[in-house]
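Report on one structure; see the data block that follows.
Chains here go by letter, A, B and C, matching the order in which they are written, and residues are numbered from 1 within each.
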Amino acid sequence: MKRKKWLASLGITSILAASILTGCSGSEETSKDEGSKDGSKKVEVSLAGWGGNPTEEKLLKQTLSDFEAKHPNIDVKLEIITEQYMDVMKTRLIGGKGPDVFYLDAFEAPGLIETGVIEPLDEYVKKDFDVEDFEKPLLESFQVDGKTYGFPKDYSTLALFYNKKMLQDAGVEVPKTWDEFREAAKKLTKDKVYGYGVAPELARMFWLAQSKGGDVVKDGKANFATKEVEEAIKPIIDMHNVDKSAVEPKEVGVTWGGEIFGQQKAAMVIEGNWAIPYLKDTFPDVDYGTAEIPAVGDKKSTMAYTVAYVMNAASEKKEAAWELLSYLTGKEGMETWTSKGYALPTRKSVAEKLGYDKDELRGPLVAGAPYATVWAEGSNLPIIVNNFNNQFMSAFLGKTPLDKALKEAQKQANSEIESK
Amino acid sequence: MKKKMGIGKLLLYTILVLYALTTIIPFLWALSSSFKSLQEIVSGGINFIPKNFTLGNYKTIFIEEELFPRWMFNSLFIAVSVTLLNLLFNSMAGYALARLNFPGKKALFIGILGVLMIPAQVTMIPNYLILKELGWLNSYQGMIVPAMINATYIFMMRQFFVNFPKELEEAAELDGLGKFGTFFRIVMPLAKPALAAQAIFIFMGSWNDFMRPLIVMTDAEMFTLPLGLNTFKGQFVSYWNYIMAASMVFTLPVLVIYAFFNRYFIKGVSFTGGK
Amino acid sequence: MRGKSSKKALREAGQGFLFMSPALVVLLLFIIGPILFVVFLSFHKVQLLGNVSFDFVAFDNFKRLLDDTRAKIALWNTFKYVIIVVPCQTLLALILAATLNAGLKGQTFFRIVYFLPTLTSSAVLTLIFMWMYNKEGLINKLLDFLGLPTYNFLGDPGIALNAIMAMNIWSTAPFFMVIYLAALQDIPDSLYEAAELDGANALQKFWLITVPQLRPVTSFVVIMGLIGTFQLFDQSYIFSAGSGGPDNSTLTVVLLVYQYAFKTLGTMGYAAALAFLLAIVILTATLIQRKFSKEESLY
C-alpha cells in the first residue's frame, strides 16, 4: 500500500512538472506584446557584457536608465554573462541570436571582425558624435581597412604601484628606469616580502618584450624568438631565479597582483586602474603610490587595454542599437560611466572634464595613454599568446632556458597558424 | 582474542576519524569564512574562528540581492523536475536494457555508453542551435527537457537491474502482471537504494549545473543559483565573503537531500529484509 | 514462425521499445543530433561565425592529428592521469563503502561527513587548495616541520598535476562510495550467513562475496571513472589559466579541444576530429576494462 502511494506521487509530480513546462513559455510571450499596444511601438534592444563589481553595475544601470528616459520608445535589456564571456558570446552569435550591442575586448576584435559578425558603424555616425574626440590608438584597435567597428568605452594602462612604507624603510626611491627598478626590488626583498609581484604572461609583458626593438608579432605570425625580445624579457626571469626578488601570485597562494600587493607580500606590482578601487575596498590600510612604469633605456612604454561597444551585424533593430551605442560612447553617457573612476574615459573631452590626469593615483595611468601599446595585434594573437604563456612559464620556473622556450613556443604557434 | 578485536576496532575508528577530518576541514573553513569580512578572508590568515563574527554576508545575499528568491525558485523548480523525470525514464530504460529482449538492444547499449565519451565542449554549439530552433532559449523547458534523461544513470540502473534476482519478477509474471505492472509494482520498490543514489546525483548535478544555464538563460530573472551567485565573482575582485556565504546556502539543500536518502542505504530496507 | 514463442518475443520487443521510448526521443534530439553534427564538422573546415562556410576536406583534420605534437602530449598527460586516478578512486570508494556499511556506531555521521567534498563547490575547493598548497601553506609547513623538501604546488604545474590528482581522488571517491553503498544493500544476507557457517573471516567474506557480487557496479564505477578522467578539463584550465603550461605539462585532450573550438576561430572542424579521437580512446579503454573484468555474459 505504502509503495503504491510512493509511486503514484512520483507519477503525478512528473506529469505536473511536464505540464508546467509547456505552460511557462506562453506567459512570457504575452507580456512582451503588451508593450506595443500603446500606439508608439516600443523597441527592445539587448545589451550584453560581463559583470563588474556592484558599484560598476550601479553605474551602468544608471547610464542605461538615463538613456531610456531620453529615448522613451527604446527599452534596454541588460544581459550579464558572468563567466567565459567570449565562449558564450561566440556560441550566441553562431545561433544568430546574439545581443544587439555588446562588449568586445580589443584583443578579440580583429578575429571577430574578420568573420563579419560585427556591423561597421561608419554610416551611422553623425557629425555631432565627434569621432576625433577619441584617443586615437584606442579607436584604431577597432578599425580594419578604414572601417570602424566599435567605439571604445573605457581603457586602462599599466602603472607601477609601490608600497610607500616599504620603500621608505628600505631607503629606496621610486624607480624611474628599469635598472633602478631591478635594484630596488632586490633591496625590498626580505622577511617573506618580495620586491616585485609579477604576472608572467604576454598580456602584461608585451610592452617590455617590444622595448628593445623586437617585434613579438610580425605579419600575423609569432616572431618573438629573437635576440631583441629575449634580451628584453630576460630580466623578469633573472629577478625570479637569480635575484629571487620577483614572485608570481600563485607562489604565495593568491590569485593576482592586486592581492599580493594588498597582503603586503610584494612591495611593487605593475597593475592597472582596476587595482585602485580593489585596494580601497579590501585593503584600505595599505599606503601606496603609483608612478609611470620605469623606462627601459630612455624609452617610456606601457600597455593599454580597451573594450568597445560593438553592434551585432545580424541585429534586427540596428537603428535603435545605434542610438544606444552612440549614447553609451557619447560624451554624456561616458561621463556617467566613468564618473567614479572605475574606468578611464576614452574621450579626451570627458577625461579633461573629470580631471583624472591630475588625480594622485590615476595621474600616472593617464600619463601613459599617449605612448601605450594597445593590447591587440591581429587575429592570430590568441594562438600566439597561448603558446608564449605555456612555454614562458617553464622558463620562469627555471626549467627551460629562455631562448629554447621561446623557440619552442614560436615553432608551435606558427605551425598552428599555418594549418588553420 | 577479545582484546585483539578491541585494538582492531580502535584502529578502524582512528582511520575513520582521520579521514573524516580531511573531508570536514575544508567544509568548516568555508563555513567559518562565510562569517568573516572580505578583508579578513583576503588578509591570508588561517584562523577558523572569525575575528569579527558577522552575519552581514548572509544579509547581503538574502536582502540586498533582490533576485535571490527568484534564483532559488528557478534552481529548485528545475532540479526537482529534472530529478523526478530522470528517476522514471532512466529506470525504465535501464530495466529494458537489463531484462527485456528486443532487436538492437546491444547496439543501443553501446550507443548510450558511446554518447558519454564525446566531450561536452564540442556539442555545446549544436545543442544551443537546437534549442534556438525550438524557441526554448531563456525558458525552463530549455533546461529541463534536454536533461530529463541521463545516459550515465541509464547505464547505472542497468548495472543494478542485472544483479537483481529474477525469481520475483518471474513469480509476478505468473501472477498475471504485465511487464509494466511488474516493473512498477515489483521492480521499482525493490530498487530503492539505487533510486536513492540516482536521486541524489541527479538533483546535485542539476543543482550545480553551470554551463547549460550559462548558455541558455539570458535574463537575470531566469538565472539559476550558481549563475546568479557567480555575479559576486568580478573580473578582478572576488567577493569571497559572499561567495562563501552563498555556497553554504547553496550546499544546504543537497546536504538535506543526501541525509534524507541516506536511510535507504541501510541493510534491511530493501528486499532482503522483506519489509 | 507464428508460434507462441515468437509472438511473445514480438510483444516483449514492443515493450522493450516502449520502456526505452522517452530516453530514445531525448537522446536522439538532444544528444545523438549534436553528435552527428560534430561528425559532420570533423570532415569539414568550418567557419561557423558570421560568413558561414563549410569546406569538405575529407580526412584532413584527422591527418593533421598525426603531426600535432601538442595533441600527442595532451593524450599522454591524460593517459598518465587516468592510470593513477581511476584505480585509486575506485578502491578508495569501495573501502569507504564497505567500512561504512558494516554497522559501526556513528556510521550515518561518517557517511554524511565523507560525502562533503562532493558537495563543496569547486570555487570553494580551489580556494582551500590554494590555501593549503601555497608556498607558505599548511602542507609545506608540515613538510618543513618533518624536514622534507617543500614545493610550489600551485605555481609549478609539473607538481600541480599530482596535486590535481590527489584533489580529484579525494573529491570523486565519495560519489562512487554512494553507488557502492546502494549496491551493497542488494547482496543477499544468506550469502554471508553461508560463508560464516563455513568459517570465513571478515576479509575472506569481503573478497569472496562482496567483491564478486559488486562486479556489475564496479564495472559502472570504473567506466564512469575512465570517462570522467579522460575528460579532465576544469582543474587544468584553472591551474594553467587555460594555456596548459608550463611546457604543456597540464595540457589535457579536452583542454586542447576547447582551445581549438573556442579560442581560435575557424578550427571547429579540427576540434571535432580531436574530440572523436578522444572518444575512440575512451571506447578502447572501456572495452579493455570489459575484457579484464570478465563481466556477465549479458552482452
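In this text, a contact is a pair of C-beta atoms (placed from the backbone, for glycine too) under 8 Å apart; a residue touches a chain by one contact, two chains touch by 3 or more.
Chains and their UniProt names: A = ABC transporter substrate-binding protein; B = ABC transporter permease; C = Sugar ABC transporter permease.
Predicted model only: the values in this text are computed from it and were never measured.
Asks: Where centres are the averaged C-alpha coordinates, which chain has the largest centre distance to subunit B?
Replies: For subunit B, the chain whose C-alpha mean is farthest off is A.
Asks: Could you compare the number of C-beta pairs in contact for B-C with that for A-B and name the larger?
Replies: Of B-C and A-B, it is B-C that has more C-beta pairs in contact.
Asks: Centre to centre, by mean C-alpha position, how many angstrom separate subunit A and subunit B?
Replies: 35
Asks: Just give me the whole-number Å value for how far the CA centre of subunit B lies from that of subunit C.
Replies: Averaging C-alpha atoms per chain gives centres 16 Å apart.
Asks: Going by the contact rule already set, what residues in subunit A reach two or more other chains?
Replies: Correct list: 94, 253-255.
Asks: Give the residues of subunit B that touch two or more other chains, as numbers and ranges in rising order.
Replies: Residues 88, 124-125, 129, 145, 233 of subunit B each touch two or more of the other chains.
Asks: Could you say which residues in subunit C touch two or more other chains, in rising order?
Replies: Residues 48, 131, 262 of subunit C touch two or more partner chains.
Asks: What part of subunit B is in contact with subunit C in the complex they form?
Replies: Residues 12-13, 16, 19-20, 22-24, 26-27, 29-30, 46, 88-90, 92-93, 95-98, 100-103, 105-106, 108-109, 111-119, 121-127, 129-130, 145-146, 148-149, 151-152, 154-156, 159-160, 162-165, 178-180, 183, 193-194, 196-197, 200-201, 204, 208, 226, 233, 240, 243-244, 247, 250-251, 254-255, 258-259, 262, 264-267, 269-272 of subunit B touch subunit C in their complex.
Asks: Touching subunit B in the complex: which residues of subunit C?
Replies: Touching subunit B from subunit C are residues 9, 12-17, 19-20, 22-24, 26-27, 29-35, 37-38, 41, 48, 96, 99, 101, 103-104, 108, 110-121, 123-125, 127-128, 131, 138, 170, 174-175, 178-179, 181-189, 213, 216-217, 219-220, 223-224, 227, 230-231, 233, 253-254, 257-258, 261-262, 268, 271-272, 275-276, 278-279, 282-283, 286, 296, 298-299.
Asks: Would you mind writing out the residues of subunit C in touch with subunit A in their complex?
Replies: Where subunit C meets subunit A, its residues are 47-51, 64, 69-70, 130-131, 133-137, 152, 154-158, 240-249, 251, 259, 262-267.
Asks: So in the complex, the part of subunit B that touches subunit A is made up of which residues?
Replies: Answer in residue numbers: 38-39, 42-44, 77, 80-81, 84-85, 87-88, 124-125, 128-129, 132, 135-137, 139-141, 144-145, 184-185, 188-189, 210, 214-215, 218-220, 227, 230-231, 233-239.
Asks: Can you tell me which positions in subunit A touch subunit C when the two form their complex?
Replies: 86-87, 90, 93-94, 111-112, 114-117, 192, 201, 248, 250-255, 313, 379, 382-383, 386-387, 389-394, 396-397, 399-400, 405, 408, 412, 416, 419-420
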